[in-house]
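Starting off with a structure, shown below.
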Amino acid sequence: MTLGEAAEATGGRVVGDESLTFERISPVHDAGHRDLAMLADRRYATDLSGCGGRALLVSEALCGLEGGPADRVVVADPHAALLDLLPLLHPEPPRERGVHPTAVIHPSVVIPDGAGVGPHAVICAGATLGEGVRIGANCFVGEGVAIGAETVLYPNCMLYGGSVLGDRVVVHAGSSIGVDGFGYVTSGGEHRKVPQMGGCVVEDDVEIGANCTIDRGSIGRTVIGAGSKLDNLVHIGHNVTIGPRSMLVAQVGVAGSTRTGAGVALGGQAGISGHIRIGAGARIAAQAGVIGDVEPGHVVSGYPARDHKTYLRAMASLMKLPELVRRMGRLERRLGERDGA
Amino acid sequence: MTLGEAAEATGGRVVGDESLTFERISPVHDAGHRDLAMLADRRYATDLSGCGGRALLVSEALCGLEGGPADRVVVADPHAALLDLLPLLHPEPPRERGVHPTAVIHPSVVIPDGAGVGPHAVICAGATLGEGVRIGANCFVGEGVAIGAETVLYPNCMLYGGSVLGDRVVVHAGSSIGVDGFGYVTSGGEHRKVPQMGGCVVEDDVEIGANCTIDRGSIGRTVIGAGSKLDNLVHIGHNVTIGPRSMLVAQVGVAGSTRTGAGVALGGQAGISGHIRIGAGARIAAQAGVIGDVEPGHVVSGYPARDHKTYLRAMASLMKLPELVRRMGRLERRLGERDGA
Amino acid sequence: MTLGEAAEATGGRVVGDESLTFERISPVHDAGHRDLAMLADRRYATDLSGCGGRALLVSEALCGLEGGPADRVVVADPHAALLDLLPLLHPEPPRERGVHPTAVIHPSVVIPDGAGVGPHAVICAGATLGEGVRIGANCFVGEGVAIGAETVLYPNCMLYGGSVLGDRVVVHAGSSIGVDGFGYVTSGGEHRKVPQMGGCVVEDDVEIGANCTIDRGSIGRTVIGAGSKLDNLVHIGHNVTIGPRSMLVAQVGVAGSTRTGAGVALGGQAGISGHIRIGAGARIAAQAGVIGDVEPGHVVSGYPARDHKTYLRAMASLMKLPELVRRMGRLERRLGERDGA
């Protein structure tokens, strides 16, 4: 692709030679002589000096920076530009269709046109598959599971019986969906399991990372709202409702029966207690431990989680606390002396 | 099932029409017109107004609440009532018996009557299976693994060679048991692996969630005590002993050689350092970081973990610290002036 | 093995009967009458009284301790001694070679001599395998994956297309490598996926625990440096560079584009934000939340992470804060009275 074509595809402009060609896009520190180096963040400007790229993809804000390739494609937002450029550079390979002979599929299951089922996949009785579904190798699709159109399961996924996935859902490798929730009634120190009979619904356009665990409801349902994105190793407890268009970063855990509004953002390793409500648009900082309701739009951090700015200010002053204790002692002594006097 | 039958099965009483029937039990906010809506917690009373359920399963404490279905089954503890009702409403499907033709089983392995082995499961030499064992699809059972009676492995589980599981153990999808521990001897910056030759013992009636990892001992054994329950994504390091009847909530991590007493409760995402002891009945709050021994029955939270109440009180006063610093400054100035005077 | 042979193999000395034999090595509290009990840490000295072992493997520092077996093998470092003794006691079983008939391997793939491919493994087009590679049961090796010599994949691992593993790499069960990173461009509340087209490189002698997730680059590469060791359930985001010879303890998470130097140590459940740098030899305490750069060799803990000693001192004084507030009130009252006087 030439710089000129790249500029045209992204609504950007070229500074330098429009006819220069590149084969792929790489970060500045990692770019080779056939690469278009991408600089989206000022903090990586220091990498420019050693940049081996043929040309630079850069934002208007940073296009004046010295060093690095002189030939540049200047765009409003380099990340957004990737949405236009990468599909052109790396056209999606033709998807495998049809059913691999080693797959084990119950005779009651209808495989729609354009669907693909990989080696050693197992699909149980009563499962329904939408058009263009792709089931990866070694996946297990339990009894009565319903999977919508164009949904993709990467290899080694496990869907418990009765799970429902919408259209265009993506589930990455090793995730377990519709798992029994963690529900026991304890008497005399013994834990008796409460049967987990509820549903697990993953709505349209959800993407679920690798090795995640999403529990079914005990009674009722667990719901992952449409358009939400889960990173790797996320845990969702039973009867949780995650609102639509939310972002859950890696290793987040949400305990049972909690409900979140639309468009929430949960930072990496954040933990949310059970039976609480997180308002729409709330943002939970990384590693925060939320043990009470959060108002819509609020930003919280720490354990127990509090207003983000207040928490950071408090933690900053905490570092001065040992000195404060000394100052307090001095004051008390001075006042004591004056009384003694 | 009728409300009358439900009351009889649970030792409860009916308020209203005993002959009303329902097909399943759902949470109040999620109940349809054929459902018995369950209300176990006052905080969900606000859902009553919009409740679409045909009748209400409610505790004595809450049975007087206005709104929602007038016909009610009143019980001492709705959660305990589920133990009686759900098996009647959802009788367990007949389990699949026999060995699927695609399973790969070493000739030395004896499959007992009533056992079931799913598609593409692999069982290695010297493994022993108890009566009624069920091995899910794509499971791997390593050399010499011993599995007790009525134990269930959900699909895609991996048991390393030599692991020992007791009777009535349940292992959910994607869990890895008997993994090499994280043991290295570092010299000159290089990490040399200490061979992990110990055992991994999961005692009777343990339930292990999805995508958990439990290490074998380096030397000696890792032991999960009888009747303990592990949620999803829990990590147990090598040579750990978890006492019987303990509860480990999702994403807990326990580092090597730590020993816990009977009936401990580890909250979600809590981390326990290696080589320490947690006394019987101790409770570790969610996200706590425990770096020293905990006395039996104590409740701790925070990092480093301290008495739960003390920690929460300290964190509350922490929020006032910036103001305290200002007050200190004022005091010092006043005292300075008076000295100057 | 006799105590004499053990002493010779480890450069240690025998106190007592050189001809005593043992069959395995166990921790003091867990040792049976045919075991060599190992005591490496003073805190386990209390286990000596009840020790059932035939003899004791102990360090010079502890060899004088009373109780337990009188016949002893005394060495400089018992853990290092295990490196010599365990391979002699437990010779590695002959590895399985050849391709299991149930494996599904693309005709373009060449299986080198001495390689082993387990039941139901899947190897896609263009994958290259080094000498002596072992691919476990139910593993998935994607298109164009390159695996170096003597590398071992335990069962149920998933390698996304294009992943590159070096020589002598070990990947434990259920890990997913080369996963799509968590990259979206959000506009109008909708999250549009940025295609994840980069590489994932795991260099020589890396060991990766069970159920880990390692993302590929979005553009550019994710790199796990040579000789680094990852414990179970570790998450590595896209475009991360982990320096060589690093140790990442269980449940660590490293967010996108962060770079760490050589020989860093990340404690259990620690979280590292994206786009930061961790200097060579830095140590991050368990559960720390790092949101800014860390200088080489520094030790940090807490959230937000700060100098370890400073943080622990501050947390200690924090527990005195409620009392400090009371003292402050008393001082203010006293000064008020004196002014009133």
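Order of writing sets the labels: A, B and C. Residues in every chain begin at 1.
One rule holds in what follows: a contact is a pair of C-beta atoms (placed from the backbone, for glycine too) under 8 Å apart; a residue touches a chain by one contact, two chains touch by 3 or more.
As the structure is a computational prediction, the values presented were derived from the model and not from experiment.
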Chain touch graph shape: choose line, ring, star, complete or other and state it. complete
Under the over-half criterion for shared residue numbers, do copies chain B and chain C use the same patch or different patches to meet? different
Compute the rotation angle for the C-alpha superposition of chain A onto chain B, expressed as a multiple of 5 degrees. 120
Express in whole angstrom the distance between the two chain centres, defined as the mean CA positions of chain B and chain C. 24
Can you tell me which residues of chain B touch two or more of the remaining chains? 102, 120, 138, 156, 174, 211, 233, 251, 269, 287, 302, 315, 318, 321, 324, 328, 331, 335
What part of chain C is in contact with chain B in the complex they form? 24-27, 29-31, 38, 41, 43, 77, 79-80, 82-83, 86-87, 89-90, 93, 100, 102, 118-120, 136-138, 154-156, 172-174, 207, 209-211, 227, 229, 231-233, 245, 247, 249-251, 262-263, 268-269, 286-287, 301-302, 312, 315, 318-319, 321-322, 324-325, 328, 331-332, 335
Across the complex, what residues on chain C touch chain A? 102, 104, 120, 122, 138, 140, 143, 156, 158, 160, 174-176, 179-180, 182-185, 187, 189-195, 197-198, 211-213, 215, 217-221, 233, 235, 237, 239, 251, 253, 255, 257, 269, 271, 273, 275, 287, 289, 291, 302-304, 306, 310-311, 313-315, 317-318, 320-321, 324, 327-328, 331, 334-335
